[in-house]
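Input: structures, listed below.
After this come two complexes, each holding subunit A, first together with subunit B and then together with subunit C.
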Partner chain A sequence: MRPSPIPLRRAARQILSSSSTIRAAAPALPTARRSLNTSTSTTGSDCTCGNGSSRRPQIQQLPKQQQHQQRSSYHSYDHPSSPAAFTPVEESILSVAYQHVPSHGFTSSALAAGARDAGYLDISPTILPEGAFTLIRYHLVKQREGLAARASDLFGGEGHVGARPGLSEREIKARVEAVTWERLLANAQVIGRWQEALAIMAQPSYVPPSLKELALLSDEILFLAGDSSVDPSWYTKRASLSTIYAAAELFMTNDHSPEFMDTRAFLNRRLREVNEVGGVFRNLREWVGFTATAGVNVLRSKGVRI
Partner chain B sequence: MLRPATRPALAATRQVRQCAARFLSSPASPDTSSSHVNNPSTTPKTNPSSPPPNSKSTTSSKGKKPLTAEQRAFLSSALRVNQAGELAATLIYTGQTPPLVTRDPSLRPLMKHMYDQEAAHLRTFNDLIYRHRVRPTALYPLWSVMASGLGWGTAMLGKEAAMACTEAVETEIGGHYNAQIRQLLEMVSEWEAEGYEVGGEFRDLLNTLKRIRDEELEHLDHAVEHDAQKAQPHWLLTGVIRAGCRGAIWVSERV
Partner chain C sequence: MVARPALRRAIPSSLRSTSSKLLHAESRISRPFSTTLQSQQKPNNNNNSVPEYAIPDPARPTHFGFETVTEAEKRERVAGVFTSVAESYDRMNDLMSFGWHRVWKDHFVASLNPGFSPLTSSSDPRAPQHILDIAGGTGDIAFRMLHTAHILNGNPDVRVTISDINPAMLSVGKQRSAALPASQQAALSFLEANAEDLTQTKPLGANQVGYSPTTGVPDESVDLYTVAFGIRNFSNIPAALREAYRVLKPGGVFACLEFSKADAHPLFNTIYKQWSFSAIPLIGQLVAGDRDSYQYLVESIEKFPSQEDFRDMIVDAGFVVGGKGYEDLTGGVAAIHKGMKPRRK
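So, the complex of A and B:
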């Protein structure tokens, strides 16, 4: 015997009506959240944080786009625009917190210690939306920005542009190696904590900004080394250098040799491998190109009108 | 000596020029005199190691205004698309030259002249793109293949078709450069109106773009003088190529 359809229909209607009440309730939620937001922001700006000083943490963040777009497009020398990656307050907290990294690691306790030392309340690191990852990003950004000065020391004070005309392929490669090594050495201070940092960077929500930083770093290294290729190898060079750098960084966390000699050897081996593979492809392309041109020319000499 | 058929195209060229000239002579424009003068100081620096002009002159009180994110996005897409365009142009002429010259050896100097100019433009933009750290177009191999194919294909159709191809491409490119120059001039005049200083970098860029625009329009004149309008069917060839150019420009600005 079939069950009567009426109870079923009633059940269905009930479900529908309940879903409509949910839907009706939904618009109320954002307004509630908005009122919450406004209340927090007012309290945030009203409270005086710090040791009775008039300094107040400004809860202002750069727009996301500005944070992540820096230095990835047109770089002007006359009209430089490098929107600071961090607001002054963030900067003041992070720069002090960074000193605590060797002892506390890339953690919220390092941030809290930094905030305290900078004269803010322990709670103030909550203005950093990404928590401990902000500290990691601070390390990545600062070390990348410091690379230009180190490179100009290395290459004899050529200023911000690493290039001079007539650098041979071999020289550029040596310079890429030198700059990459400089950047790896910049991790030495925090190397004991770097595995933790890598673990945080591997969390799904932090993967895109971490990869973005990696891309910016390899772009910076190649630019400082004076690599002026602007054809498809622009992409392959950056991709291979990023891979090598990430691998070397991971290797370095387990390297106990004096002055990280093993890491340097590792880096050199990887760079050499890339050169070898790249050389094979270049030769292959050259051969194909030559054969094709020769073939066309033979046909032309035979009177074929091509 | 012009045949009646060639007049509309020349008139179009003239219109583009006049429009540009009118724009250049507007009071907002910073330099009206140097637009047609290829004086060596206005050519781009081909030496990337030369220090950028950082010298701050004391004439302006406000100094130089940092570029906004939109302006940088515009400049990078402009340089990227220009590099892609000049790459395509060199390859079009490379593809066109052998078939054309075997049929009509008198075209050799013209093709060589146009190719040399395009190769110089490509070098200029390669250098600019490196200096200003702009990402080159990701579709570089695609544009290479398509441009070589277009050049060779039109040359195989005959001299008229090849010239029609040049005419179509250079018309689009001339308009495109004009649009860029217009936008740059707007940027510059905005800065000047607000009392900011304008860096030599932008004056150089403007002069480079103007010089290259004029050379591209000169190629257009050459093409029209060499029977571009006699190609059959002219409207179809130029229409398809111009649409393709616009599409390629649109894509290169983004990818």
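So, the complex of A and C:
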């Protein structure tokens, strides 16, 4: 992990864009901004924007090399979104195979059935490098990418997603809960097969890509909810949300309550606990800081040169 | 083979710096295809016009180990190498790789999972498959394919054609196949063919199915085209890839298991190169009584393109690849490349 660049860069970004209201008011500015990214082509249609007009400039015609140089592992305004996770042919097999998941599970059976439906041969899915795990990754990537649209529905329009001035801490927490719940609901379709998917994801060679997806997901959720922290809590928030999400997902696989009410209660309890623990830590830090300063002052009053 | 002693002296010290530069320079001259240039010229390969470098030309220079020879000469000399090693080929493989080549081959076949069919409600879920195992002389891959398809996946409608340019290697495979169950023997056929031109084939033995000596392998008749540790011996690799593209059905898979580059792990790579350049020719001399053939084997591994370059050649021939297009085995000592022939538009 690089320690500071992320919060720092975000801070700089915030200062630069602190006048998002001004930009919204002045119609000339978005075009000016677009002309800044001269080498990029912004597709305004499919970006659900939080900040001004273009949340993530979608770069499509960049040369490959440049894309590799500029990819970032967090939600960035300054970097192009990472190149498409699947090639068109992979997409054509996986999207059809995904329809077979509820009946066949995340297995090579689903892949082969999908390949047949897509007009390929039974042998064709063997070009997918990670076999059945590719299908799981397809689910994870597609649901994460679809989250932005669902969040904008949830918050009432594109302008309401992402960081906005005037969002209180409490509001952000409620939004985090809402977006996390939306993502959990996206598992409902395949929930009967999700335990076996988790088992595959826990296989040693698939743990790193699975954890990476989890990190990207919690980053996406916090971004969509409008979290704009630029201090060390940037990391702790993502870490705790990842843990909570993974736990809630596991809980959901055994949840038989109507509309997964138990899972939602579970999610709320975990989020509340984090707030409480966070509060305890804050108080503890304050107490330690106060005691240390007081101790130093006492020593100074005794003539110790500190 | 006049330059051999000088070559041997030069190799151990020059593995890292000088000879690698030299090799690159040489490969640029002797290799008549440059994949990057080609992909710039022709972004959409529709396979209608075959580029000049992919048409076999007996007079074109190529490399035989570290020597530069013509394509026709390479074909002859490769034939000589494999005729001389055919008898001891399997024993030598075990000695050279400490038996590890079996693990690679098992993994290769398991990852392709031939004969696998989804359990659907349609009348007959088990689709027949035709596997063409190119350069499969001694049958290592073909026998594993049959085992996976017939026994593990319970699909007896999978037949395998073993093709090799070298009748000596094929007859070794033929002998070994006698130990297989009768049903598997029936699904096996042997074919003497040059992988760069599969229109001219010659069946070996009498149990070939569906092929007459004149027709060769028809267009779009193969589900899976495999070549294991063979493609680096071809005189014209682009031509062979295009021929693979021709015989595969749309959706059919080209799969290649081949030695590759372990450059990502410098320390391991040094040990590996020391082993291959000093020990393997020696083992060849002691066990098979043929040093030069095994010297050629290690040199040809050194001259084979890297994972990315070979992947680009596969794409250039019209295939599509999944992910990065290859899978490294044992840190890149060997690699599996797969490509799929796309559907017709």
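Convention: the second predicted complex is superposed on the first by the 200 of 306 C-alpha atoms of A that agree within 3 Å, B and C clash if a C-alpha of one lies under 4 Å from a C-alpha of the other, contacts with A are read in each partner's own complex, and residues count from 1 in each chain.
Note that in this section a contact is a pair of C-beta atoms (placed from the backbone, for glycine too) under 8 Å apart; a residue touches a chain by one contact, two chains touch by 3 or more.
All values reported here derive from a predicted model rather than from experimental measurement.
Colleague: Which partner chains sit in contact with A:Ser109 here, subunit B, subunit C, both or neither? Use first/second/both/neither.
Modeller: second
Colleague: For A:Arg305, select first, second, both or neither according to whether it touches subunit B, subunit C, the two together, or no partner.
Modeller: First partner only.
Colleague: I'd like to know which partner A:Ser76 touches here: subunit B for first, subunit C for second, both or neither.
Modeller: first
Colleague: Between subunit B and subunit C, which one contacts more residues of subunit A in the superposed model?
Modeller: The partner making contact with more of subunit A's residues is B.
Colleague: Just subunit B (first), just subunit C (second), both, or neither: which does A:Asp219 touch?
Modeller: Once the two structures are laid over each other on A, A:Asp219 reaches subunit B alone.
Colleague: Return first, second, both or neither, reflecting whether A:Leu267 touches subunit B, subunit C, both chains, or no partner chain.
Modeller: neither
Colleague: After superposition on the shared chain, which partner residues are touched by A:Ser228: those of subunit B (first), subunit C (second), both, or neither?
Modeller: first
Colleague: Tell me which partner A:Val89 touches in the superposition: subunit B (first), subunit C (second), both or neither.
Modeller: After superposition on chain A, A:Val89 lies in contact with subunit C alone.
Colleague: Using the superposition on A, tell me which residues of subunit A are in contact with subunit B and, in the other complex, with subunit C.
Modeller: The overlap between the subunit B and subunit C interfaces on subunit A is empty, containing no residue.
Colleague: What does subunit C use to touch subunit A in their complex?
Modeller: These residues of subunit C touch subunit A: 111-114, 116-120, 127, 129, 223-224, 249-253, 255, 320-324, 327, 338-340, 342-343.
Colleague: Which residues, counting only subunit A, touch subunit B once they are in their complex?
Modeller: 65-66, 69, 71-81, 83, 158-159, 161, 163-165, 219, 223, 228, 230-232, 234-235, 300, 305-306
Colleague: List the residues on subunit A that touch subunit C in their complex, please.
Modeller: Touching subunit C from subunit A are residues 87, 89-90, 100, 104, 108-110, 112-113, 115-116, 119-124, 126-131, 134.
Colleague: In the complex of these two chains, what residues of subunit B are touching subunit A?
Modeller: Subunit B residues touching subunit A: 47-49, 51-54, 64-69, 71-73, 75-76, 79, 83, 98-99, 102-103, 126-127, 129-136, 138, 140-141, 152, 156, 199-202.
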